[in-house]
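Take this structure first; my questions come after.
Letters A, B and C mark the chains in the order given here, with residues in each chain numbered from 1 onward.
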Amino acid sequence: MQFIEVKDLTVEFTRIAEDGTEVKGKRAIDGISFSVEKGSFVSVIGMNGSGKSTLAKCLNGLLLPSSGDVIVDGMNTKDESKLWDIRSRVGMVFQNPDNQIVSSIVEDDVAFGPENLGVPPAEIRKRVDSALKQVGMYEHRLKGAHMLSGGQKQRIAIAGAVAMRPECIVFDEPTAMLDPRGRASVMDIIRELNSEGITTILITHFMSEAAQADRIIVMNAGHVLSDSTPRELFADMDMINRAGLELPPVVELREKLGLPDSIMTVDDMIAELRKLCR
Amino acid sequence: MSIEVKDLRYVYSPGLPGETVALDGVSFEVHDGETIGIIGHTGSGKSTLLQHLNGLLKPASGDVYVDGQCITDGSVKLVEIRRKVGLVFQYPEYQLFEETVAKDVAFGPRNTGLSEEKIETRVKASLALVGLNYDEIGDSSPFELSGGQKRRVAIAGVIAMEPSVLILDEPTAGLDPSAHREILSMIELIREKMGIIIIFVSHNMADVAALSDRIIVMDGGKIAMEGTPQEVFSHEKELSAMGLGVPPVREIMTKITAALPEIESNALTADEAATDIKKVINIPKRDN
Amino acid sequence: MIRDITLGQYYPGESPIHRLDARTKIIATILYIIELFVVNNFWGFLIAAAALFAVIAVSRVPVKFIFRGLTAVFIIIAFTFIINLFMVDGRVLWHWRFLTITYEGVSRAFFMAVRLVLLIIGSSMMTLTTKPIELTDGLEKLFKPFSLIGLPSHEIALMMTIALRFIPTLMEETDKIIKAQEARGADFESGNLFQRAKSLIPILIPLFISSFRIAQDLALAMEARCYHGGSGRTRMNEIHFAKGDAVAAVLMVLFLAVIIASRYIPVLYK
């Protein structure tokens, strides 16, 4: 079943010129279509300015299409009466860990979403506790948010989305500002949430993270350049170069050695080298 | 030019409940023209250490010598030290404030009291060093540039002071792969053209391995390890206990050499790894 | 160092004071401040200080933590003390050139300093024992009646929540920007007033830009989490009056009576 359908989506920013008239700016997204299966894990990768963050904001109605449609679980994001319904189903985690935490105390922040949804207090308590346990931050629930590390803050932001009981979470470069430890812990949580059935959309520019998805959408200048499995993408050197992506280390070594495109993992490479040895 | 750090100790909130020892007996030396990579996870004391090297923080005990001159005993003017030791903070683009790129880059040299002509020469030269064209962007607002460009303008602002030591705190944090590559080649260019001491902090082990002559590993406010990239990254277990890794190529090669003992390699980059493998295995040319 | 400032911080705990309704604590604090100005002799301060220490003891907030907050405002206290010490006319105790200390001056200086210290500790007890969110919820509820005359109580409360949340963030940001500009040779300490004011520009502009960026990010994050104003919102911890609040109310009335009575205790000097 398709959970999100993006149909011919175009987003055009307008700016106000000096004489007060509206001027059409550049197209951040230029007529793209794709859909996301319920429960799947899709990553979106591309250079800065490729339109991937703009796309993320369209998926829960934070931005509305200039033309085309975004349908979430059968609801169009243009339908204003469905907006809160859509946002409660599609949670979102942003890049900067500091700028998305609303309350000073950890558990109060996690409660913010459910409070906005009008969930009864006892139920909020339950959701907050279970969300905090899920991201491994339960013992920090009474701490001040500013005392936490970047990775911990990001886990709180994830708990805040989880507490809304969404069916899908969009992660917009959640690890870009974290150190390796924080990055690994956030990726662990993302994979775990996906395995529990949450539809996951991960926007990133780390190839190693994108590779953990079922499917990678490559964006460039507002277009979808490719939409394939990681395996297919890593075999397509031409595509990787055109989109300005980094090579996964195994693929880089494969290219330096001139081994076949089918090699994706260290094990593949060992098998191939073994064959050549004999 | 040299830097000597002797038994440096620094304590946050001394005597208060939040007291934490950020640096605990840190000593090391950096020699002329060296590039030093500092690694360590968040809270290991890296940033605190960097801020001691240009006098932004004063140690509880211990000394820092820049070019044989002690900068911690209060005898040297701070402006003088800051001209010698350029420090680029994390996300330096957040410090931009002027109307134009040229004016922003000129801020540092102007503070040191140079003449207008000299300032302009420096602005042009430092923009060129970071790979930007003065004629193209000198008059545009720094806030209209892309993320990677903004960062390079901010770095140019420090280079324009013509420091003898350049310190960079996570210069590639938060950038996309192409902006990341541009910063790396910029660092290489600066090293080549200016020949100054470069000290940089990074979480990217591949970058650290590729750029550093020597690596300093910080853990719990102390220097846990020090040596060439080869030496440091041969301690995979100890590093992982500190929450640090090795370059991805080294990880791959560890697995490959374990499975195929005839290959011998302690490669840190893909090029080195390919050479080591090709020594043992003859790989046919690809047909496509 | 910025992180040493404990004023306005919350100290997590489970004490009876922590459990009181935020509204009770807000009213008690306002009352306490008024009472400090009702007091007219040292007996009154002695009683007020004893009451405050009783509250601190019950709250189990470490005294050291509380006094750490005082160090941040030490200069204000010292300034008040000195001004009063030299500025009050009366019986001369000590005289040197243009400086004169009088008996009344000493008395007045101590009087004002004690009042200020009690006032600061008293109000920081409220913030130390009340979670920011409860504090703002309490204010929102106390302000609720005024919404009839158009006072946006929910919005004011939310603004306070966000302000409390971002004070540490912006302080850190300021610290970072100052250091970054200092590293470029900026000098904030020399020159005349005009030059000094001008030297703040490299700090203020990046700080403004940072604040706008935070505001923009936060607004998006709040919208993504379905924030749409105060209507239809629920709270995880609904604040409500309990038995403890009734006890506190009785104690507050008793304390008020004692403080008023203290005005009539004969003073040892005069």
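Quick notes on this one:
Here is the rule we use: contacts are C-beta pairs under 8 Å (C-beta built on N, C-alpha and C of every residue); 3 or more make two chains touch, one makes a residue touch a chain.
Please read all numbers here as calculations on a predicted model, not as lab measurements.
Comparing the centres of all chains, each the average of its CA atoms, the largest separation from chain B belongs to C. Of the two chain pairs examined here, B-C and A-B, it is A-B that is joined by more C-beta pairs in contact. One simple way to say how far apart two chains are is to compare their mean CA positions; for chain B and chain C this gives 42 Å.
In whole angstrom, the spacing between the mean C-alpha positions of chain A and chain B is 30.
Taken together, the chain C residues at the contact with chain A in this complex read 9-10, 12, 131-133, 161-162, 164-165, 168-169, 172, 213-214, 217-218, 220-228, 232-238.
Looking at the complex, you find that chain B touches chain C at residues 12-13, 16-18, 51, 54, 56, 78-79, 82-83, 86-89, 92, 94-97, 107-108, 111-112, 143, 157-158, 161. Those residues of chain A lying in contact with chain B across their complex are 47-49, 95, 149-150, 176-177, 179-182, 205, 207-208, 244-246, 249-250, 252-253, 256-261, 266, 269-270, 273-274, 276-277. Contacts from chain C toward chain B in the complex involve residues 1, 3-4, 62, 64-65, 68, 173, 176-177, 179-187, 201-202, 205-206, 209-210.
Chain A meets chain C in the complex at residues 57, 60, 62, 84, 87-88, 91-92, 94, 96, 98-105, 107-108, 111-121, 124-125, 128, 142-146, 157, 160-161, 164.
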